[in-house]
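Letters are used for the chains, namely A, B, C, D and E, taken in the order the chains are written, and counting of residues starts over at 1 for each.
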Amino acid sequence: ACSTSPEPSPAGDGDGSTAGSDETFTIGIVEQQLANPFFAKLQEAAVAQAKKQGLEIMTAESKVAGDTESQVKAIENMIARGVKGIVLDPASATALVDVVEQATAAGILVVTVNTSLDPLDTAAASFETDNFEGGRLMGQWAKASLGDAEARVAMLDYDLADKTAAARHDGFLDGFGITDDSPEIAGTALTESNFETGQTAMENLLSAHRDINVLYTINEPAAQGAFAAISGAGVEDQVLVTSIDGSCAGVRSVKDGTIGATVMQFPTRMGEMAVDAIVEFVASGTRPEGLINSGTVLITDEPVDGIDSETSEWGLKNCWGE
Amino acid sequence: MSETTPLVLTGRGLDKRYGHVLAMDGADFELAAGEILAVVGDNGAGKSTLIKSLTGAVVPDAGTIVLDGEEVRFRSPLDARRAGIETVYQELAVAPALDVTQNLYLGREHRMPGVMGTVLRRLDKKRMRQEAADHMADLGIRIQSVRQAVENLSGGQRQAVAVARAAAWGRRVVVMDEPTAALGVRETNQVLDLIQRVRDQGLPVVLISHNIPNVFQVADRIHIHRLGRRAALVRPGTTSMSEVVAVMTGATEASELESAVTDPVLTAAAATAPDAPPTWKDRSA
Amino acid sequence: MSRQLAGPLAALAVAVVAFSLTTDTFLNPANVSLVLQQSVVIGTLALGQTLIILTAGIDLSAGAIMVLGTVLIARLAGEGNVLVAVLIGFLGCALMGAVNGLVVARWNLPPFIVTLGTLTVIAAATRLYTSSASYPVTSDVLRLLGSGPVVGGAKITYGTMLWLLLALALGYALTQTAWGTRVYAVGDSPHAARLTGIKVSRVLFSVYLVAGLIYAVAALAALGRTPIGDPSGYQTANLDTITAVVIGGTSLFGGRGGVAGTVVGALIVSVLQNGLTQAGIDSLYQQVAVGVLVIAAVGFDQLVRRRNKS
Amino acid sequence: MSETTPLVLTGRGLDKRYGHVLAMDGADFELAAGEILAVVGDNGAGKSTLIKSLTGAVVPDAGTIVLDGEEVRFRSPLDARRAGIETVYQELAVAPALDVTQNLYLGREHRMPGVMGTVLRRLDKKRMRQEAADHMADLGIRIQSVRQAVENLSGGQRQAVAVARAAAWGRRVVVMDEPTAALGVRETNQVLDLIQRVRDQGLPVVLISHNIPNVFQVADRIHIHRLGRRAALVRPGTTSMSEVVAVMTGATEASELESAVTDPVLTAAAATAPDAPPTWKDRSA
Amino acid sequence: MSRQLAGPLAALAVAVVAFSLTTDTFLNPANVSLVLQQSVVIGTLALGQTLIILTAGIDLSAGAIMVLGTVLIARLAGEGNVLVAVLIGFLGCALMGAVNGLVVARWNLPPFIVTLGTLTVIAAATRLYTSSASYPVTSDVLRLLGSGPVVGGAKITYGTMLWLLLALALGYALTQTAWGTRVYAVGDSPHAARLTGIKVSRVLFSVYLVAGLIYAVAALAALGRTPIGDPSGYQTANLDTITAVVIGGTSLFGGRGGVAGTVVGALIVSVLQNGLTQAGIDSLYQQVAVGVLVIAAVGFDQLVRRRNKS
């Protein structure tokens, strides 16, 4: 479903073509809950870029995961305030459609980041990771690494009503060549995409199915938590851990072998591209369009044939966050 | 009272156990039509438990209750109230945050006449306030306003609210568990008068009180409760205050008193006229 | 009643004045109308919550019931007749309220635990029903509550009107009918209420049932405002409604308070959120500010009450 | 009582307004050393409000309170208690879920001797239970166990808990607001005896009661409260029950009675011996 | 006390037996030890929550305070001395507890609103301090509570022991000291407590302060178990602790209950979660099952109580 797939480049050097207009204006940045480091990074990048461009900024965020009401109110307030553009990381693909249409009708350019709205063309453009592709890469790598051994798959999901979570889940199954009903799946559990819930969920799954040897995780904190459970159970050598995010902490986990492979996303690029698109639109009236893939790169120190990947060395140079 | 006054409310062999406390232990009870029956007894004798069993607030473990010849089984105070029994509980049972009028009319509110009342179910607050003020005045209780929250009333005023409610609504039996405990001299006399008026209207009244002179002043018969059961049922005309107190406290045996228990075929034992003056007569007021 | 309102009203006034002075957009008619619109869903839900809190209960499932309602209505309206959809939505919400009421009233279990349980059950049921998908609303009828006449640049939505009307009606029921007195009596002292012959469990049941119906109205208002049935929406609605109720001066111990305060309470929360955004406060500090200001509003209320007392 | 008994606790010009209700309206109060002072008055006269002002439970709007010659300002019951004033409030102030012992010792628990007590701060429950049982027995109240929760007690038993607590802890003044309202005949007499014993130990006692005979039986002086202020302060020896009741209810003017108010230089007016027998003497027990 | 425990204990027993029969892994020593380990953090937090609920309060900031503690300790330990880090963590948690206590006790504001406010403030402060990053724990000292002797295949962690010891100590303080009696008295009837000369506000303050310290212990236990200071962790901790407390038979209206019930309540929640996973129940249905079973546990408790009474 992605239109372009640019070669990812080291993040953080959007070329900063300051808008021609000398008049400063306000943009809104609406994120999901910033306690999540990925969203925090994305917002930080967007804010930094907006400051660099000399813009006034209004920010808002969800209170908890899936909290669309806060985002709707924030966008309404931004419309009332008269912003020129909004960078939105929607907490729901559908619930924000109406308010985004209102904003667009008010002449505001809305671009989404991280995940898009449904229908896609509700927002002018979307800068995001192809999460299905990310999941597919994890699945392919796990399948290839496992070789002939009988697969016992565990999946640590996040609420599958979430578009991103569903895309990664489905991508993984696709890449691994199984479906939700396949006997290879030993068990699935819901997490809050953090360490603690990842650990508890994995502890319980391992306690019921000691033979688990492939693990899908919704993100790196969940993977790290799961690894705590895995090492607690003493089965470090048995389980292939796959994840997605590309945070520096996650890449370090790849380097020290806790995570077998992770898929890197580029939140900084998303944020910068989105802000630049708004600046460009205000300056020249050029509307960005469509789904703009910010890229996915598989990071692993145990590459397999036929799947492009980069090493943790490369990852550490290109990762985001701490 | 005639020789064969029918019994209105009777209890036979009532038991109630709380953990290892036996609060009622085979208690009997009988209330005849049109009489004021006083229930006296030491603290903890089980008077309130008995009264609660008769009015649905407590479900006895054993025993039977008969109202107007029919056995009844009250599972809640509402059941008793529906049967026409109105009660002042010792713990008063008022809603502290509601005002005096609301407490008086709780569960029996007047609605406005006409469409406002039938369709919109609007309360006739004005009428209720007016009537509430009258009821309170009847008891001689001075309160600033019937719109005052009950929690802001003095102890006696609060008790008067509960008494006024029971007096206003009783249809078959009125039961009062220490209704004058917090009342002043004048107010107490007013409540005693009220009780007599209620009786004179034909409604039997059960009065629990620790005030023996008061009891002798108004009661037709006295039920002496001791250790969870009825120790004796006597008439103030044939028994003296000190005899009653002696039985209450266990100093004498009940068998020494002349009993006023009605025999099973519902004929009252030969009764001295209840209007014989009580032995004590110094109600200073 | 009016005395009880003094505190919350004063807090609201202070907030409005403060934002009018510090921002140039807050008092715009359009923005004022926005604040009202933003109060409607939580405000309506909070009416039901008020009822329950007046009986010394608490409803953690309010938001979940409303979300179930939006999903039912949105999905069924998409598949068939809008009226039937609305009817079924109301039935669904009423049923959930009735279940809460039944368990609380009959088995005498703590409302906190009961509604926590039904919250998870209802949320899961909603997920199962929708397979976690959302249902956009297409019918104009369902969008009605989000529309309304524009007066001097301010859109007065029918949803806002309905909210305030419902508050009036509920205020009437609570203060002018026997049922209302019983609700207060049960919350004030269930023991005394029982002894005076009130059917406590029936009153409790009716309260949860009516609350369920009010949540259905909130579901309609939500669809008018955000035209989509989204199973993952309104996660924080419960806490928000309880906040509105408590800021409005209703005691969590039951028997004291009323819907007028709740309306003001809901407005206070919206004004704070909107005003702080208008003032360009960073989202992080916004939450802090809302937290602190909510405490301040309740403290202010206490102060005003004490003044009024002596 | 000597001619110049010092005053222990006095109040002058105390006011308290609740909304538009004037509960105290320039009330005066004086309690002399070693006396039993009864406070009587109609329901809603403001007796409890007066007593609450003197014991820190209510902060008066105006007026001064002097304890042993020093002006005091109690902002909470704790302040009064620290000053040695122990009170039985009319609303009883017991913690319903706690047991009898815990209520008796609330805020004054005994700790175990030795390290257990000083370091581990362990309560000496056994000792407290033993003593609690003794205290309750002193009042002649039968309770099953001092480990029973107060909410499970009968009305009279509950009141006895509050009375026993105040009697046990008072160091300078004991104040009792209707301590016998819920008590039986025997129990009431026991409490009256207790009050006299407390007085005989030198502690002055303030007794609020609606029971005029009881008041005349034990009081040294009687403070008659009416409409928020002291209408008269009299001695039972020089004033009759009916005179007191007449003043209470407003039937006669207070000026017609012989006053027992101490003059400002703290000398008591010439007093009739308080042991003159009360006019009523039918305490059946 | 033992009678009050009968209900929760019976509910726990039923759950354990049911899972033992329906799964073959539940009773494995390793799994039993796991259930214990999984109870420790919520269980420890719930001890503090119990204290507060006993005074008729509620603490919505319990989880946030603990998370602040984990983050403080993890970050400072990484940068310097572990002991200093722990000390500062305890100080931080105690301070937050003291702030709650001060506002609740002094200004007499509803704990629900106060702790809701401090929750947002503390969560925001935590994020500011960490910039939303997590701090892995490297020190073995900090991991101590997650380790422990293995007995017959079951690891008995020091964290588990500490939890149970703390429960014992708190049970001692509540039942054997004057302070405990006052806590119950204040929760039972603040008015009566005040009239008997108890310094209600001081007792309240002490309760929130002690709770803050207990949350610090929970923070240590959390680091021992999940060796990372993570600002996004333990989001549902508040609801979980309140659930454990209420299932354990402590009344939300104060004055009744105790820590022994809370320990059992925390175990019930863990057993349900673990057991349902062992039984291979789908996660959505797991939520439904937990909701229903929590209600059932409380209902069962009521039943047992009624039996015991008559």
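FYI, a contact is a pair of C-beta atoms (placed from the backbone, for glycine too) under 8 Å apart; a residue touches a chain by one contact, two chains touch by 3 or more.
Protein identities per chain, from UniProt: B, D = Sugar ABC transporter ATP-binding protein; C, E = ABC transporter permease.
Keep in mind that this is a model prediction, so the values were computed, not measured.
Fewest steps needed to get from chain A to chain B, stepping only to touching chains, is 2. When every chain is reduced to the mean of its CA atoms, the largest separation from chain C (ABC transporter permease) belongs to D. Across every pairing of chains, the maximum count of C-beta contacts belongs to B-D. Set against the Cα centre of chain B, the chain with the most distant centre is A.
Centre-to-centre separation of chain C (ABC transporter permease) and chain E (ABC transporter permease), using mean CA positions: 30 Å. Put simply, the C-alpha centre of chain C (ABC transporter permease) and that of chain D have 50 angstrom between them.
Between chain A and chain D, the centres computed from C-alpha atoms are 74 Å apart.
Taking each chain's centre as the mean of its C-alpha atoms, chain A lies 33 Å from chain E (ABC transporter permease).
The residues of chain D that reach two or more other chains are 18, 91, listed in rising order.
Annotation for chain E (ABC transporter permease): residues 123, 127 touch two or more other chains.
Residues of chain A in contact with at least two other chains: 34, 64.
Across the complex, chain A is touched by residues 25, 28, 30-31, 34, 37-38, 41, 127, 130, 132-134, 136, 225-228, 230-237, 273-274, 277-278, 280, 282-284, 286-287 of chain C (ABC transporter permease). Listing the residues of chain C (ABC transporter permease) that touch chain B in their complex gives 172, 176-179, 181-182, 184-185, 188-189, 191-199, 255-256. Against chain E (ABC transporter permease), in their complex, chain C (ABC transporter permease) makes its touches with residues 56, 103, 107-110, 112-114, 116-121, 123-125, 127-128, 239, 242-243, 246-247, 251-253, 284-285, 287-288, 290-292, 294-295, 298-299, 302.
In the complex of the two chains, the chain A residues touching chain E (ABC transporter permease) come out as 33-37, 39-41, 44, 64, 157, 187-190, 192-197, 199-201, 203-205, 207-208, 221, 224-225, 228, 233, 249, 321-322. Across the interface of their complex, chain B is touched by residues 18, 20-21, 41-44, 48, 90-91, 141-144, 148, 152-157, 160, 178, 181-188, 210-213, 240-242, 244-245, 248-249, 280, 282, 284-285 of chain D.
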